[in-house]
Amino acid sequence: MESPALPGFQENALKAFAPQRAVREGQVEIIIYGVTNSVSLALMAIGFSLTFGISGLPNFAHGAFYLLGGILTWVFMNQLGLPYLVSALLSVLLIGALGFFLYWGLMLRLRGLAINEVIATLAVAIVIIEVLRWMGFSGFSYVLPPFVRGSLNIGGVWVDIQRLLLVGIGALLVVLLYLFTRRTRTGFSFRAIAQNERTAIAVGIDPDWTAALSLAMGSALAVVAGLTILPLGAIDTEMGYDILLYALAVGIIGGLESIPGAVLGSFILGFSQVLVATFLRAQWQTVVTLAAIVLILAVKPSGILGKYKELEERV
Amino acid sequence: MSQEVLLKVQKLTKVFGGIMAVCDLELEVRRGEFLGIIGPNGSGKTTLINLITGFVKPTSGKVLYRGQDITGKQPYRIACLGIARTFQMARTLQRLPAFKNIIVPLCSPRVTKFRGGKYGERDDVAIDILDDLGFERDSFVPYKMAGSLPHGYLKRLDLARCIALRPDLLILDELFSGMAMSEVAATLPMLEKFHREGLTIIMVEHRLRELFRVADRVMVMNFGQKIADGSPQEVMEQEQVQRAYLGTEVED
Amino acid sequence: MPEGGKYRKERLDRGIKARSDTLYVLASWKDLCYLLLPRVVPLGLLFILPVVLHGSYWEKVLFYSCIFGLLSLSWDLMAAVGLVSLGQALFFGAGAYMAGALNHYLGWPIFLSIPAGTLGGAAFCTILLVLVVRLRGVYFSIVTLILPLLFAHLIETLEILEGTHGLLSLSPYPSGWLAIYLAIVGLVVVLFGFRKLLDEDFGMILRGIKDDDRVIMAAGVNVYWYKAQAIFLAGAVGSFAGALMTHYYQFVGRSVLALDYTILPLAAVVMGGTGSFAGAVLGSFILVPLSEALRAMGGLRMALYGLILISALAALPEGIFHYLERKYHQFERMVKI
């Protein structure tokens, strides 16, 4: 059965990610859109949380990588004629490699002063995003295919299967990542580096390889998130900045150094956005997101679930 | 030694994650006393200092200074009330010359309130203070970047920073650690002099011989708790103290 | 590289002068020139340029260079106390809107709206940032990144300050000379003022805070009060730049809170050399004309600033000014070990 026209295209929201306005303000709609929105946010945020919260590397080019991954896939498919699966895989690997070499080429020199890392990665983000913007990769023609087409009727609401898949993929990734950071050796070394680099080195963890790997993984995750979410709309270069802001918001609200924190943050923000879009005007979403970041940092900087940071930011 | 209680610590507790760094600690320090605090590594001595001086907020309990509740106040406010502390790691302002390190406390409200008397030009006063503490006035030492000074000098610079604040209570965190015998021998008389002039001193130390020479009273900590409190001789004879430092006998 | 044997690079001060911490010993006219020329020549040039460039397109560029120079100085002062701002646009926008609003809604003339905009903008930003000044470095910077965006969106959604249309038809300067010389004099005063400030005890405390603020606190000094003062000063300078620009354009809109007003000063200071203030001005006077010359590139210029930032951070962290200063005061030679 054919689904209704893709919702969410408000005046300036070519963003694939715009939370849907629950047209009838029905509870089922709000719950469904809230969940899909929250999981989308979680997907966007986990890559960033992995590198910043867990490994201590602020990758402000996260949103740019999300964007670049989507565009690369589009280019491979539409200009090189490669099949979807190949394009997607290639993009994930390439951006992952980009993250890896970003560490070795740039971050390595700036290690130690977190703020220089932020500035550097922000600069990288700007370069990528503005070049892509200049090349014109925005608009209706830039779409990625969904994994599965069609839609289902749930409780009287039509939902794209892609959105349902999104929830599934997102949940799966979150669980996998949580297990990864808690149960595997590499996951441990990621956390060790963030907590106390010297001690980590003393027990034999190679800080550079670990950091580069975490950056690579985070970048790859950004692309995976893009591939899952972008098919819901069209590509817009402004996403490069937006995704970064959403990832920051999710992490800061929930607490950066934990996966459960990212999940909590994404659900709080996700539902807030849907509620705001439904009961107020859509433009308020961004205000709510940004204001949430500032408020949390002013009142409880370590986030709702965060505890570790409290020791340090008393300075 | 007067009867006035300068510092009173009531049921002070600090929990870090799952670890109880300081546990229900009670302490009274009278004006003019020289109190030593000893205990094995990790017994919570530095945490106690951080709690008293405001660098760490307690989980529960109170700190009273001259009857005033200073629990959890900002460190600079506590310093302005008259409590000065050194750091275990001899923190100084590395990129500034040594004497400029001393000018900083001279800019604090506590000192500027006492204008008149000794406190005239800040540069001269800073050099004076450093000279008293062994930084030869006519050498280039007071003008060197603090980051380039050897360890013993850094510790004395830390101490000088405290003295410049004209404190009523001086808390020293392992001042002698890392100092050579000669430096210790040179610094100890200074502490005695300050003590004679009426300064109340709390000294956390591992070098017990030197500490026992000057301390009136000693408190022993282990696992965040006070396990003994009395004169140096009394304390060292107690079984718990010996056990804490030396361990117990293994029964065959 | 000479053949045979091991060599090391040695740096020596040029024998041309004697220096101690606070006093310059002058032995000859040559010494005097050596000291004064680097300061007098650029200043002289700066004051003459408006006359030379009068009426041409480049006069506008000179004005913009001063504006961005002020913004860069504002950033550098905050960096000197350890606060890295990723949102200089907030100061710029606050001053711009305040001056514009006073002029538009209350009809205040330029000689009132500019000072009021400066002080009002500074107060506004200080109050906002003081709330988060306790945060660890990166988080403070994140807040500065977010705030301009937040306010831009607030202006749009709440439709205050004429929302997306902006405030139009504001009062112009009574004369073009006033605009340009106000900017130049402001720039010079702030440049030398900040340099002097950092040499005084106040500046020493700021540098100490950046170095190790726990020591400063243990010394009985209220770290937050000094940080607040630094933010206010930086805010005033940034707001001043915004107010000047508002009356130059006779318009103020959401664009004053755009990323451009953050990134260009950042790139300018990092390229020119943080901590020297002169580097900030130098960087602006290189980047702004460069950016105007490359106008055709449009949005790609932002990418250029980004590239410059990255290169500066990676390749020449000390910045151009420190490099030049070092070359001026010292020379290098290879010495056999």
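To keep things simple, chains are lettered A, B and C as they appear, and every chain counts its residues starting from 1.
In this text, a residue touches a chain if its C-beta (ideal position, glycine included) is under 8 Å from a C-beta of that chain, and two chains touch if they have at least 3 such contacts.
Computed from a predicted structure; not experimentally measured.
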Chain pair whose interface holds the most contacting C-beta pairs: A-C
Identity of the most central chain, Cα criterion: C
Centroid spacing, where centroids are CA-atom means, of chain A and chain C in whole angstrom: 34
Averaged-CA centre spacing for the pair chain C and chain B, given as whole angstrom: 42
Rounded Å distance, chain A centre to chain B centre (Cα mean): 49
Residue list for chain C, restricted to those that touch at least two other chains: 214
Multi-chain contact sites of chain B, meaning residues that touch two or more partners: 55
Per-residue overlap in chain A, given as positions that touch at least 2 other chains: 314
Sites on chain C touched by chain B in the complex: 21, 201, 204-205, 207-208, 211-212, 214-223
In the complex with chain A, residue positions of chain C that touch it: 84, 86, 131-132, 134-139, 141-143, 146-147, 149-150, 153-154, 156-157, 213-214, 259, 263, 266, 270, 297-300, 302-303, 305-307, 309-310, 313-314
List of chain B residues in touch with chain C within their complex: 53, 55, 74-77, 79-80, 84-85, 87, 91-97, 100-101, 103-105, 107-111, 122, 143, 161-162, 164-165
Residues of chain A defined as touching chain C within the complex: 58, 106, 109-110, 114-116, 118-120, 122-127, 130-131, 133-134, 245, 248, 252, 281, 283-284, 286-287, 290-291, 293-294, 297-298, 301, 309, 312-315
